[in-house]
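Here it is, the structure in full.
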C-alpha cells in the first residue's frame, strides 16, 4: 500500500459509523417500545436516582465511639441485706461505660462462702445418693458446684440424701426474689454519647445536640418530642422494645439500642441526625427455660484476719443493653452517576430486544419485518445484495434471529 | 414443512447476524466519537482497572483478633494516698487486654464509705433545703447519691442546708486534682498484637514483624521510621491524634487507634502491611461540659472484722483507647473483570447514542444522515424498500429517533 | 409546519425503530457466536442465578446478640494454694457472659503484696547493679515493677545485685507451672446463645433449637452429629481449631468461634441455620516469644485491720474465646433480577462485538463482509447509496470499524 492508502486508512478512522435502523410503521410495537422506555426511565429516575440516590458515592464503614453513663439510686430493705442503698458503682457491670452495659436488677446473694465441705444442692440430679458408693470420690458433680468427697449425707431417718462435696460452701440456694430487688431501676437514666466519623468524606458528628442551652442537656429525656436528646429512661427503652420492665428486671434480658446514621452529605451537616430504635435481643418467644432471661455469677473476694479467703457469691439478674451503631453517608460523585446511567441505557437495549421479539415473532406481519430487519448476504453469489429477500416468505431461515 | 425446511431452519441457527452500520463520512462526529471512546477507555483502564483494581474480587469481611498489653509504672506522692506506686494491675481497666482498654490517669478517691446517713453534697440542686419538709422521706435525690431521710441538716446559724440522705457515706467530694495524678502515663507503652484473616482468600497475617531479631520487637517504638513496630508510646498516640496528653489525662478522653489492612493479594504476602492512624473520638470541639472528657465510677469492696461491708469509691478519669481494625483484600478473579469490561462496553453504547444525537439532530446535514440511518418500511406498499427515502426532506417523521 | 406536519411528527413517535442486521451465511462465525451466547447464558443462569442467587436482594447488616455461660468445676491441690476448688465465678473473666470471654487455666499468684521496698526481680536487665550509683533514685525500672530508691542490694559476698525498688512488694517471681493448673478445663462446657435479626427483612432467629425436648438442650453437646446443639466442650473447640488444649492452657491463646448465618429466606425459616467454625487467632506459627500465648495481670485488693491496702497479684494464662457472628440473608426481589439480566444482555453485546471482530478482520472473506456491514454514505454525492461498495477491495477505509 502506498502513502495514499495509509492516509485513507487514517482518515477512515474518523468516519463515524452508526447502526442502521429499520423503521417499522407498526403502531402497536411502537407504543409498546415507548411504554418500555418510559418504564425504564421512570425506574432509573424514580427508584435509582431519587429513592436510592444512585448519583451518590456511599460510605458505610462508620467509625463510632460510644460512652454511656448511668444515673440513679435505689433503696432496698430485705431481711437478708437489711437497709441498703444501691448506686451506680454497685449495679453497673462493667463500670467503664462502654457500649455494652449491664444493670443489675435482681440478685441471689450467698455470703461467706469458704473452701470446705458441705452437702451439694438437692436440685442437682447428679448429686442425689443413697449410699457412699454413689458419690465417687474426686468426681465433679455434673452441672454442680464441687467435687465429691465420697460421702453421702442424709438427714436423720431419710433414705436418700446428697453427696458431700468440696466446694465454696455453703452452696447457692436456688431461689430468687420474685419481685425484682431493684425494680425502681425503671426510673434510672442513661446518657449515651455517640460520636461518629465517616472516614471517606472526613465527616464527624455527635449525637449530642450542639446547643448553648446546657441545662436542656441535663434535664431533657429522649421521647418522640425530643428525638435528639441523648438521655434515656431505662423503663422507656424497655417499653419501646416491647418488653415489660418488671418482668425483665426479675428474669433478666438483653435490649438492643440501635443508633442509625443515614446522612445525605449533599445537604447541610445539621440534617445528618441519629435515629434511635429499640429491640429485645434475647428471644422471648422461645419458651424453653434454658434460653430465656439473662444472668451470670460473680464473686467479691475477702480475706479474714487469719488470711483465709472467703467470698460473697452473687447471681446477678438484670438487663444488658447493647448499643449498636451503624450508618451510611452519601455524597454526589460522578462515577456512580455514570455507572447508573449507563446501566439504565443497557436496560433500554434489553427493552429493545424484547420489542424485537414481539415485532419479529408475535405480530401478524412478523415475517415481513423479519425480512426487512435481516438482510441476507451470501459471499458465493455476488448478486444477493442488490436483491435482498423481498417477500415475507422466509420463516424458517430467520428463526434464529435472537 | 418437510425435512428440507427443518434442515434449513436448523442451519439458519448458525448464520451469524451482525448489525448493519452506516458510515457517515462526517469528520466532526467521527472525531467526537473517537474522543468519547478514548475517554471511556481511559476511564475503564485508568480508573476502574488501575486505581480501583476492578479486576479483583474483594473481601471486606475481615476476622480480627486484638491483644493489648501495657507496660509502665508511675510513682505518686499525695497527702491523701501517701507514697504509692501504680502498676499495670492498678491502672488498666479491664485487665484482660482486649481491643478496648482504659488507662486511669486521674482519680477522686472516697475511702471508707459505709451504708449510713450523711448530708448530701451541697453541689446538687435537688438536695438544698431550708426545712425538713423540703426533704421528702424516701425520695431519691435527683442526680444525687442517695435517698432522703426527711431531715434537713444545717450548719449552726445558717438558714440553708442540705438534706440528710441514706447512702454510701460520706459522699464523694467534688474536686479532682487539676494536675493529673498519673501524668507520667505519657511514657507508658502499649504492645498491640493484631492477627487478621481474610476468610474468602484463606489469608492470615499478623501486625508483628516476622523477624529473627527478637530484641528489636522488645525495644522498638512505633514511629514514621518504624512503621511496622507494634509497640506504641501512649504520649505519641495522643499527640498524633491531635490531643494534649496532660490535658486529656486530667479530663479523660477517648482515642481511636485505626489499623487498616489494604492488601493486594496478587502481590507477595510481605506487601500486605497494616497502616495505623489515630484520632480523637470524644468530640473535643463540643464545648458543653456535659459532653467533654471521659470518666466513670467504680468501687473496691472490703469487709471489716465485724463483717460489715465498706468500700472505696473511685471516680476514674483517663484515656480510653479503642483499637478498630478494618481491611480489604483483593485478588484477581475473572468474574469482576468480565463485569467491568462489559459495563465499559455498555458505556461505549451510551457514547454512540450521544454521538448519534449529534449526528442526527445537531449538525447541518442531520436530515440527510437521518434518512440514511433510518430505513422506512411499510408492509402495505411492498415497493418502499427498493427506494428508501433519498432526500433529506423528512424532518418530522424521524424526530422520535431516540 | 402545518397541523398535518405536527400530526405526522407525533405519529412518528410511535414508529418502532429496530436495528438492521446483515445475515452473514458463515457457519464458522455463526457457531462461534452461538457458543459465546450459550456460555454467557450458562454463566448467567448457572453462576449468577443458581450459585450467587442474583435474583435476591441481600442483607448483610446483621444484628446479633451473644450470651455465653460456662459450666464446670476444677479441683487443684498445690503446695502454694492448698486444696482449692475453682468454679465459674473464679475462672471466667469478665463474668458477664459477653461474646468475648476468658477462661483462666494457669496462673502465677503473688500473695500479700504491699507498698514497700524490695529488690527488683533479677531477670530484668535494667535492675542489675554493682553499686548504688547504678540505681538512680526516682527512676522507673524499664519493663520492671517499680521505681528505684537509689540502693543496690547485693547478697553477702557477691559483687552484683539488683536495685532496691519502691513497688508492690514482694515482686512477682517469674515461673509458671509447666503443667496447667486448671488442665481439667478441657471438660468445661460453654452454652452459646446467639439471637440474630436481619432488619431489612424483619427476620429473627436463634441458634437454640426450637424443640419441646428441654432435656435435650441440657444434655446435648455440639458435634458433627448434633450440629444445632448450642453447648460446646472447650476441649473440642480447641481441637477443632487445630490446637492442643493442654499446651494452650499452659501458655494461653485466643480461639475464634465463628457463627455464620447464610439464609435463603425464599425457603422455610427452619432452613436458616447457623454454621459454626473454629480457628486459632493468636498466630502460633510466629515463633517469636513476644507474640505467642495470651496472659494478663490483675489484682484482688484487700485491707487489713489497720486499714492498710494489700493485694494478691495474679498473672493469668488462659484461653480467650471470641464469638464472632456474621451472616447474609437473601430474598427474591425484582430489582436485582432485572439488573442481573440486563447486565447479562450487555455481555451478549460484548460477545457480538467479539464475533464481529472475527467476521470482519480474521476470516478469509472478511473484506466482503465488511463491505456488507458498513454502508458508506457521502452527503456530497447522492448516488452513493444505490451502489454501496460492492467489491471486497476496500481494506484500508474500514479498518477503524471498531
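Letters A, B and C name the chains as they come in the text, with residue numbers starting at 1 for each one.
Here is the rule we go by: contacts are C-beta pairs under 8 Å (C-beta built on N, C-alpha and C of every residue); 3 or more make two chains touch, one makes a residue touch a chain.
None of the values given here were measured: they were computed from a predicted structure.
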| item | value |
| --- | --- |
| Rigid-body rotation angle, subunit C and subunit A, from Cα fit (steps of 5°) | 120 |
| Copies subunit B and subunit A - interface residue numbers shared by over half, same or different | different |
| Separation of mean Cα positions, subunit B and subunit A [Å, integer] | 16 |
| Residue list for subunit C, restricted to those that touch at least two other chains | 11, 13-15, 17, 19-26, 94, 302, 305, 343, 346, 349, 369, 372, 374-375, 398, 401 |
| Subunit A - residues contacting subunit C, complex | 1, 5-6, 8-9, 11-15, 17, 19-27, 29-34, 47, 93-94, 100, 102, 115, 138, 140-141, 143-147, 166-168, 254, 256, 258, 279, 281-283, 286, 288-291, 294, 296-299, 301-303, 305, 307, 311, 313, 320, 322, 324, 326, 343, 346-347, 349-350, 352-353, 355-356, 359, 369, 372-379, 382, 385, 398, 401-402 |
| In the complex with subunit A, residue positions of subunit C that touch it | 11, 13-26, 37, 61, 63, 65, 67, 69, 71-75, 83-85, 87-90, 94-98, 112, 184, 191, 193, 195, 197, 199, 204, 206, 208, 210-211, 214, 217-218, 300, 302, 305, 335, 338-339, 341-343, 345-346, 349, 365, 368-369, 372, 374-375, 388, 390, 396-401 |
